[in-house]
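Two complexes follow with chain A in common, the first pairing it with chain B and the second with chain C.
And now, the complex of A and B:
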């Protein structure tokens, strides 16, 4: 869906956005947090190869932490931040300054306070990304607080995880903090109109650069 | 209706405050009055930073700016921020925990920020206690695991020499036989008994006797390859389980073991000479059953004892 130039431009843009989010989070948790998005793709979930390890989170069974944030009107969609639950636990522990050695993968003991921390982290991150997309497209966005949920995903659930959303922007996300690399994924499900306006804006920018 | 809404606003179990773009307080509800001791009449119209000094920090100024100018909602967790609105003087603020939601509001062409504060002190205390309980349980679990490991070791090892005991040996022998059956392997079972150990005990006492057994265990362990097993069956009886390439290797090993006892033991200033008698049975040549092979090795050892001790012998059918 995206050519190399568009992909590079989008990757650069989102890395600037998440850089700002990382600074804000670092200040809150009083630890240096580096956020990295090495790859951005615009895909249709139905076209993704289940064997592609980068998309494990969509196809493997297990507990998943998912935060979702709806935004609209002109640029419409829903953004999801997803972590396998054990990664979410590591992230919460590190933010709270607690050791993460005793995480039991099959038994994620995420407590109320952990979920609150993850809600805030995802709020900062998704706000930064969606907000800056709004700035990039020069439109005013309205969005609410993210909803968070812990879900157990079975294989059949995977098919309906993102139902109704045809194309999605996938941001492979990596939190580097306290010698730990916590990886999750940000998925932004966009309406066709939003995709068109995003692509048009990027093309205009690239054309101006090369023109 | 406005009066009803106003009453409800003062009754809700959370702090509700609205500030305008200049951060001037427009709404200050009853919950906040009760917490801070500051009345609505005294607070409305004041700058938020004067009323709640915590908001002077850049983090919170940014959050308010983002709500007022960019329409962004923000959630702040008590786990990371502790508290936002402090209680009236004289009350302990250290245990206080609050969550905060900041949302944009619009009236005509003006924007406001709605700040909602929820008391999370009880939740945090409960989580804190629960986490401590989990930590304690983990520590206890680790202790139980260690003691399980110790008792397993004790049940399978001889306390004096640290060698595997009869139980462990039987287990290893059964495993080695089933493995050898699959891979066409060969094994030697060597029954080793000290000659005249009773005299050592009678002459020098049990402490020296124990030292002799320790030295025996050491010499036997050093003589056989690390892949073989030396076990103590009890008293002065030891047993070796050797993996062989050829049946003839059993004699090579037996000679090596014998040689290990050719020098005297020096224990507590005493020079003690101790020879050994070794009986050998072979798998698969002499049988398939562990108990049968042990009995045959014992029989071969008994024959050596009978014929003057200090030597080795391989089982022959007439031994039993």
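And now, the complex of A and C:
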């Protein structure tokens, strides 16, 4: 769906935005964040091959912590941040470090305090990325309060994970907290109109740069 | 000095409360979980300064700010929000705020927050 120039520019933009988000997370947990070089794709979920391992997050079974932030109106969609539950627990424990009375290191279950922290972390991270898209497009985005869910995803559930969203901007970037195994994935589902707006803005920028 | 913290995250409430108490022990602090509680506490508690999030359930921070400014132009207000959009910052600045900080509350921003509170305190 993207030509080479568009993919290059979008990767560059996302690289910066995810870098900022990772920097924010780094500030929250006071640990270095290792970023993989992002691969950015604009795909239709219905066209994705479930056997493609890059899309395991959509098609593999398991317990997930999922946070989502819905945004609109001119640029409309929903951004997701997903962690396996046990990694979400590690992240919450790291964030709660100073408030040690709240942390029970050997307890694998997420408590209300963990969920509160994870919601706040997700809010900061997703705002960092989506807000910069708003700044890039020079439009005002309205946010709906972020949702958090603990879900057990079965194969049959996968097809409805991102229901009602036709196209998905997949940021294959995963961030890795130094000295831990916490990795997460960010997925942004966009409406067709929003994709058109984004492509139009990128094309205008590319035309200005390359004539 | 009386400070009202309006914030839906208990984690951030605790961080802010600890920060303020550690630096300005004489501060009297009250906490609200959303804009509606925040507005009610504003009328009862009559704080000198309010720190508020923007995206909150029910009445959000901007709506609370507008309601407060309808009757009070003087109370100092500092925004602490994850929203990094320039348009958001411009909108709330029109309503008269003393500062806008983006989350997360790093050590550097915590220092700025304390300086803003102290400046507001001395401006009285």
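Everything that follows uses one rule, which is that the second predicted complex is superposed on the first by the 186 of 211 C-alpha atoms of A that agree within 3 Å, B and C clash if a C-alpha of one lies under 4 Å from a C-alpha of the other, contacts with A are read in each partner's own complex, and residues count from 1 in each chain.
The rule is simple: a contact is a pair of C-beta atoms (placed from the backbone, for glycine too) under 8 Å apart; a residue touches a chain by one contact, two chains touch by 3 or more.
Everything numeric here is computed off the predicted structure, so don't read it as measured data.
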item	value
Chain A as common anchor, with chain B and chain C clashing or fitting	clash
Which superposed partner A:40 touches (first chain B, second chain C, both, neither)	neither
Chain B versus chain C as contact partner of A:145, first or second or both or neither	both
Chain B versus chain C as contact partner of A:111, first or second or both or neither	first
Contacts of A:18 with chain B and chain C, given as first, second, both or neither	neither
First, second, both or neither for A:132, with chain B first and chain C second	second
Against chain C, colliding segment of chain B, chosen among 43-51, 169-177, 223-231 or 259-267	43-51
Chain B/chain C common contact set on chain A	24, 27-28, 95-96, 113, 116-117, 119-120, 123-124, 127, 131, 134, 140-141, 143, 145-146
Residues of chain A touching chain C in the complex	24, 27-28, 95-96, 99, 113, 116-117, 119-120, 123-124, 127-128, 131-132, 134-135, 139-141, 143, 145-146
Interface residues, chain B side, partner chain A - complex	58-59, 62, 66, 70-81, 99, 101, 103, 120, 123-124, 126-127, 130-131, 134, 138
Residue ranges of chain A in contact with chain B within the complex	24, 27-29, 95-96, 102, 109, 111-114, 116-117, 119-120, 123-124, 127, 131, 134, 140-146
Residues on chain C engaged by chain A in the complex (per definition of touch)	9-12, 14, 55-57, 82-88, 103-104, 106
